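Next come two complexes built around chain A: one with chain B, the other with chain C.
For the complex of A and B:
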């Protein structure tokens, strides 16, 4: 930049730049370290599988005949071995019961079936999104399109206050107040359930979806709005047929980031969902989410135990999923927004 | 349907959505204040819990939260400020390095807080702490277990993006002319940063710090298994001590205490204290940020 200084080598400047650059790399290093260390603790599950699979080989051979008679439709011998092998591992090894349907980590015959947790997380996330998305987007439309400037200045910071609520406070409110109120309205059996948890997590996601949607809406060039109004469209028509479609990529990104928040939310899940790992499609049943499982059980597991590794495996899955969501919002949707305006300008 | 009628209906629906959100916010605040205020007094703030946590105050939780956030800020702020300086002053926006750092910061901001807890357990306690033990104390367990230092550092990683974003925003509001004037007078780039950019972004650094503290004070998931305890009979007096925290206290008291109903006043009052803390911090940050933004206009 400053070309006439170039000849003189200034040690302090050189050092400062190197140090600053090195420190800036810390963020990258932390992300990589999280990857390494969360996966490292999850990895032994797969290693154990191989070792135990080798040791149970003889067992598999023995049960071969018995299983063969059960499976009369199996065509080839190879297939049979595969089948019996799988059954064997399901019955014998806790570490490979990951795909089974029961989550019962603390028992004589521990089961680590992740399906109830997946289903629970899915249920809560869906309820939260169905609650938070429409209300946040409509509120953002009101704020950016219909509200008078003076009112807008009040609404925005007030709704953003919600982002400052610690999730344990929202969880506490859900546990103490919302659960009772909603139970009185809907009259379901278990007080804490997927519905209460979903609504509470929706509350945590509202400020994220609202703020980002509002930003996306206000980023639409004023010329769009003026052209539409000039052609005789009403403000409502302009908002829903001009501004909203133009802001769709930004709104998608907002919803995706809200989804990431809901998906990884731990404290609200721990406090308001009832924490019972069961397979049911009823939204008013108690559920246990992936993140709540980590939060509730990690404190009690033995360091290096299979249970410990499974919890880290769940953590790895959560991490991969939110990482992918963020990458999607960052690269795919941002590019869409950029391209859209470049082509229209 | 008449267009005007439709306009009014649709606009009212969007307006109602705003009102619903505001109603929820107001009711959380009201219920917390109504439930917590009667139990809030000086004794509650300055005493230890008594009678198996069913009576007494939350003094150790307040101190624990304060100490934890201070250590966290000491760790997070310098790194956050330097990263922000790099992004705003040195990095070429189009370079792969700058883009990667930006993406990493955004990733840190969206990674679920429980993952930070796992990372703290796996990295700080299981790796760094264990190795420190075998190096310094010959295998005696001191650092390889949850404590306030690891909890604070875990929290520091979580709040790093908060600091970076605020400080970078503040640095970018410093007019170009000032930098150019400094460079034209013969100052080097580092001198310019030290004497012009940093003093100009003090309020931004303060905003970032306050926001980070407010976030760190409220988060519970990262400290669940890196250092927070249900009850501690003394205040933390060394970095290898465990500590009580307000958020963790609320969680435990409302879900796992022996008598959830009897301790309800304590729970509400603790929530009120935590909410008051994060809110007042956020309010200060909002005012500071507003003043920074005004500078650019």
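For the complex of A and C:
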């Protein structure tokens, strides 16, 4: 007979619950740890400001003798040069050079101006979005509203398959094929540039924007579509005047998530954008993006150097930015659709 | 009896292999209310949706037979379905106003037909809302969201929205089944008013509603049209045993 007057301890249930809980919290812990690590490594930049400024003074006061003690084998002439360079370095504090217009981290007079990187990232992101958004949205409208089920069953998975493409493959394709083809069409000077990189990144973002837009469009209650068609609206009018406006918040979320993907994309940027950190408004000039900078330079940087810290600063900026974008998409736009249509019967 | 507006001849409909309507034939008179009754799944809603080709939207539907509206077969190859649906409006079981203002809901139909002049739209909106007997309730809230209205008001907004495109026939698929008795009474009153100008076909679960509102009643059962006649005859002296059983609540 089953008795239930006494609580029974079930070990496997207890264990399973604890394990699942631990795994869930572990993933959160990992995110937080990455967060802390990245920020901790970036932080010295701002602290160094004062220290470095202070050491400038001491250096001047102590004149040239003191530094030679570190490597006593260095000849005095070299020492001289070394010191003059260092003095120049110290003239520009690392944090003030962050806002300068040149990114030259390994020159004798290193400057860590982030503007060209920001501008480069912005340019590529904009081009990628301008390319990917209309294509994705139109494709989503087609498969959700117009396509016969058979065709839909083909197109939807094929576009989504693009999401599974390793970005290095897209980058390689952009580097070898698209760069040449696009150059032949548009006839610009540098083969690898923001335009090529933007289009390639757009390819990477299309599946994300497409899938989420498709979801948003199919989430619009069928009753709306029936109401519209019942009023004698054509399928096109229904799609563009009823379904699309109703799905706008969801589509916005899709675009924002696509933006996050483009923003953080490294491999394609590294391979297809030319990696020249310069300030220019021309979309056909080479650019260097924030993420590509980390990708290209992190392996060669001196551990603990200003350059190292600046790369981590870039990492934190990317982190904050994509985090903000995803949070916006997740908590604001997604709920907007739900609130609008699911709360009312 | 008025002139015949809709004439259905041997209409059969299949969902895949499932025969949902079996050779239905009937005549529906103009400017009268015709009610379809029957138990759930008997095919009455499906049949209603064949009259403005709403079933075209569903995959795997095969339709045989003919439906004539004003002597034109709407299943003819050359039929413009978009214009057909302007002529044959539809009200759904669940009120489905767009997530727009009351005004924009009513103006949607005229706008897609190319009417953009504000004074014309204003006039149509006012006329339609008055016809749907909801003007007094919403005239101060025209630019509020239609979703902020009560269920019964929303349903009358939907009726007004249909009227705004000047249909001749109104198909109503259980228009009051989700409403409270007071809202239901308002809709029924409205149906009574509207039949002066429109041919109304209503599907209902509620036999009292059919008895109250309709001039003709048709009983469906398992895809067959069992009996169709004047409502008072159906409810007082039906020709078939099955009809009598259903009316008296012995099955269904």
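Here is the rule we go by: the second predicted complex is superposed on the first by the 291 of 345 C-alpha atoms of A that agree within 3 Å, B and C clash if a C-alpha of one lies under 4 Å from a C-alpha of the other, contacts with A are read in each partner's own complex, and residues count from 1 in each chain.
Please note the rule applied: a residue touches a chain if its C-beta (ideal position, glycine included) is under 8 Å from a C-beta of that chain, and two chains touch if they have at least 3 such contacts.
This is a predicted model, so every value here is computed, not measured.
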Self-check item: Combined model on chain A: chain C and chain B, fit or clash
Solution: fit
Exercise. Go through the superposed model and pick first if A:41 touches only chain B, second if only chain C, both, or neither.
Key: first
Quiz item: In the superposed arrangement, which partner chain does A:172 touch: chain B (first), chain C (second), both, or neither?
Solution: first
Practice problem: Once the structures are superposed on A, label A:113 by its partner contacts, choosing first (chain B), second (chain C), both or neither. | Solution: neither
Quiz prompt | In the superposition, chain B vs chain C on chain A residues touched | solution = B
Quiz item: Should A:231 be classified as contacting the first partner (chain B), the second (chain C), both, or neither?
Solution: second
Quiz item: Counting only touches as set out at the top, which of chain B and chain C does A:246 meet: first, second, both, neither?
Solution: second
Quiz item: Of the partners chain B and chain C, which touch A:105 in the superposed model: first, second, both, neither?
Solution: neither
Quiz item: In whole Å, what is the nearest CA distance you get between chain B and chain C after the fit?
Solution: 9
Practice problem: Could you list which residues of chain A make contact with chain B in one structure and with chain C in the other? | Solution: 234
Self-check item: Contacting residues of chain A [partner chain B, same complex]
Solution: 1-2, 5, 10, 12-13, 16-17, 19-21, 23-28, 30-31, 33-34, 37-38, 40-41, 134-136, 138-139, 141-143, 146-147, 155, 157-159, 161-162, 164-173, 175-177, 203, 206, 210, 234-236, 240, 257, 260-261, 263-267, 270-271, 291, 294-295, 298-299, 303, 311-312, 315, 318-319, 322-323, 325-327, 330
Quiz item: Which of the residues in chain B come into contact with chain A in the complex?
Solution: 3-4, 6-7, 10-11, 13-15, 17-18, 20-22, 24-25, 27-28, 31-32, 35, 79, 82-83, 85-87, 90-91, 100-101, 103-108, 110-119, 121-123, 126-127, 157, 160-161, 164, 183, 188-191, 193, 214, 217-221, 224-225, 247, 250-251, 254-255, 264, 267-268, 271, 274-275, 278-279, 282, 286
Self-check item: List of chain C residues in touch with chain A within their complex
Solution: 52, 54, 57, 59, 82-87, 89-90, 92, 94, 96-99, 108-109, 112-113, 147, 151, 158, 161-162, 165, 178
Quiz item: If you look only at chain A, which of its residues touch chain C in the complex?
Solution: 149, 221, 223-234, 237, 241-242, 246, 340-341, 344-345
